[in-house]
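Heads up, the thing below is written out as structure tokens.
Chain lettering (A, B and C) follows the sequence in which the chains are written, and residue indices restart at 1 in each chain.
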């Protein structure tokens, strides 16, 4: 340790009032300018988003009514509805969630907790990150080749669910890994130090603590999937469907029915795409109304996620 | 698992050799003490990958006594403490050499053939920063029992109350057992962590700077607790506070650069240490 | 011993050390003055010793305060702890040495000077020189951290005890010869006893100093040669 030495100092020169004011003034000006810039950017981006939604509202809100939600598509715009589209979207989302979330969590935990640190793991990790950046139409081509032709699954709800699950799998995996990694080391060491085995540590301590993060990742992924058109178009979802897939619940044993998985379907983005490409103005209004319903579904999903996350947090705290 | 069996075998042979070799009889061992031993560190070295963090440590741990490990940051005291419950096994590239023999089982707990979980069930650890789990107070303590496979709710409830009383926390929390552990103060959280460590009935309690994040009052409560616990457990504590080591330990080991410089009774180390390096450290001089 | 990381810790210890050295020098001076005043019946000198004792007492209080403040502030350990506790005890011994020298000085009017027979004054001179040498050596060895020297110092106290025994017998003889000597000789016995007890305090200083420096206690027993008790019987 060097000796404390003030001897070399010629004179002490504390800051004067004027100098202090100048320094503080510069700092405040800088803060102010940056705040202005931030507000400008915010207003610009929020403004565009708001304009978009307002445009949709103006065009489509009046069109949304009970009939619109409960009617099948029709050649007459006034009678056309989105029943098959929103049911299709819901079923595809359900399939996607059931496939992508468990797989993604398991893969994330494997990579974070179990995978040995070697080149194979490194390659897997790089690929997972890269997959998140692959254009969605490529997934569509893959699904068309693999699921529709090779495996013969057809242009069904299952195929669409699978391809969208593949699409959002990297998002769920990365979110899971981030959530697991963000758990403080002392919690982990505390659990191991007690004599817990790996499974107990993951199941009782890591997963509960990582739940909010994983959930966020899953919802972000599903929000992306719900609006995807390209892969669903590529596998050849029908644009005009005047019937519903079989109901997942049935009155007789075993009460659950999975026939809907193999049913043809359409989804809302395709319905929109279909209507928007027609010449009649009335169909354009239908498309705007469909867009509003789609946005409402996404927002609802997000709201539910926020609510669940809040519940989980307050459970842990109080 | 042939590797494990072989390790066990070689271990037994070395035990046999030790017992039959008069030069390593109890009395002539380095740092021999007259108390009953709970554990005995024999020629322990430890590597983080290429870096040797512990060099040939010999250290007896007395039963029902507090043994303090002191030394400057980076001297290896925490590393040594973490060997006692195989915490280093959580990270790849770490390597032990030598033995930590747990008595009376006569089991080398750093042997590869011994599952670290088995070791951790016997040697519970309390960390520097209170680390309750994000669960209720009750569940925090119960988790220490669940790892032992105890499922009976009545047994768990009884045992939770028992250890909370032992950790001098029961009166403060008995009316809010289902509240989150995070609602407790830092000192209470640390006592909760001690209770959690006591729950599975360990043989050895390891304390890694347990009061360094606490105020003096909370520190005094923890020290009071340690003084109660030492009648029932062998305790090893790492501390940066010399005064704390002087207050609560029966034996004290001074470490420097991965070596054990001096081991002795509390009285010797804090009033008239033999080694100049110990003297310089505990009196706050340039080493 | 190397320096503390905190410089002011060294300064605090140095202050205590300096107080001990000052008290030691003052004590030695008081002992020297007291015997000189006694042998030459120098009453003004004797008077000065009484005022020096006031200084000695003040120094001891100052040292106690400094030592307690240091313990409170620094929580000394090991060597430092022994130094501070040792200083408190040594200061107490030095203060007692001052008191005993003052007691000798107070007896100067009743026992001093011409009333002392020549051979007796020689014995008294020898004893006071022995005691003075012990006091000076103790302070010097403590200042120079000479632990081995302190051991021999303790053993040398025996010579003072022997000298005291012979002086005691001598004084008894004078009193038996002529009862008119009894008053002055009794005072002289007290003076000799005071000097002998100063020697004992030096022994205490040696023991405390040895513990301070080494951390080891000297064995409690030491050859004792005060045979006045036997001579009386």
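Note that a residue touches a chain if its C-beta (ideal position, glycine included) is under 8 Å from a C-beta of that chain, and two chains touch if they have at least 3 such contacts.
Here is each chain with its UniProt name: C = Phosphate-specific transport system accessory protein PhoU.
Please read all numbers here as calculations on a predicted model, not as lab measurements.
Between the chain pairs A-B and B-C, more C-beta pairs are in contact across A-B. Using mean Cα coordinates as chain centres, the one most removed from subunit C is A.
Central chain assignment: B. Criterion: smallest distance from chain C-alpha mean to the mean of all protein C-alpha atoms. For the pair subunit A and subunit C, the distance between C-alpha centroids works out to 90 Å. The geometric centre of subunit A is 46 Å away from that of subunit B, both derived from CA atoms.
Inter-chain spacing, taken between the CA centroids of subunit B and subunit C, is 52 Å. Residue positions 5 of subunit C each touch two or more of the other chains.
In subunit B, the residues that reach two or more other chains under the touch definition are 286. Residues of subunit A found to touch two or more other chains are 1.
If you check the complex, the residues on subunit B that touch subunit C are 242-243, 246, 269-273, 278-280, 282-286.
Those residues of subunit C that touch subunit B in the shared complex are 1-6, 9, 75-82, 214-216.
Across the complex, subunit A is touched by residues 85, 87, 90, 92, 117, 120-121, 124-125, 127, 129, 131-135, 143-144, 146-148, 179-180, 182-183, 193, 196-197, 200, 286 of subunit B.
Of all the residues in subunit A, the ones that touch subunit B in their complex are 1, 117, 184, 186-197, 200, 204-205, 208-209, 316-318.
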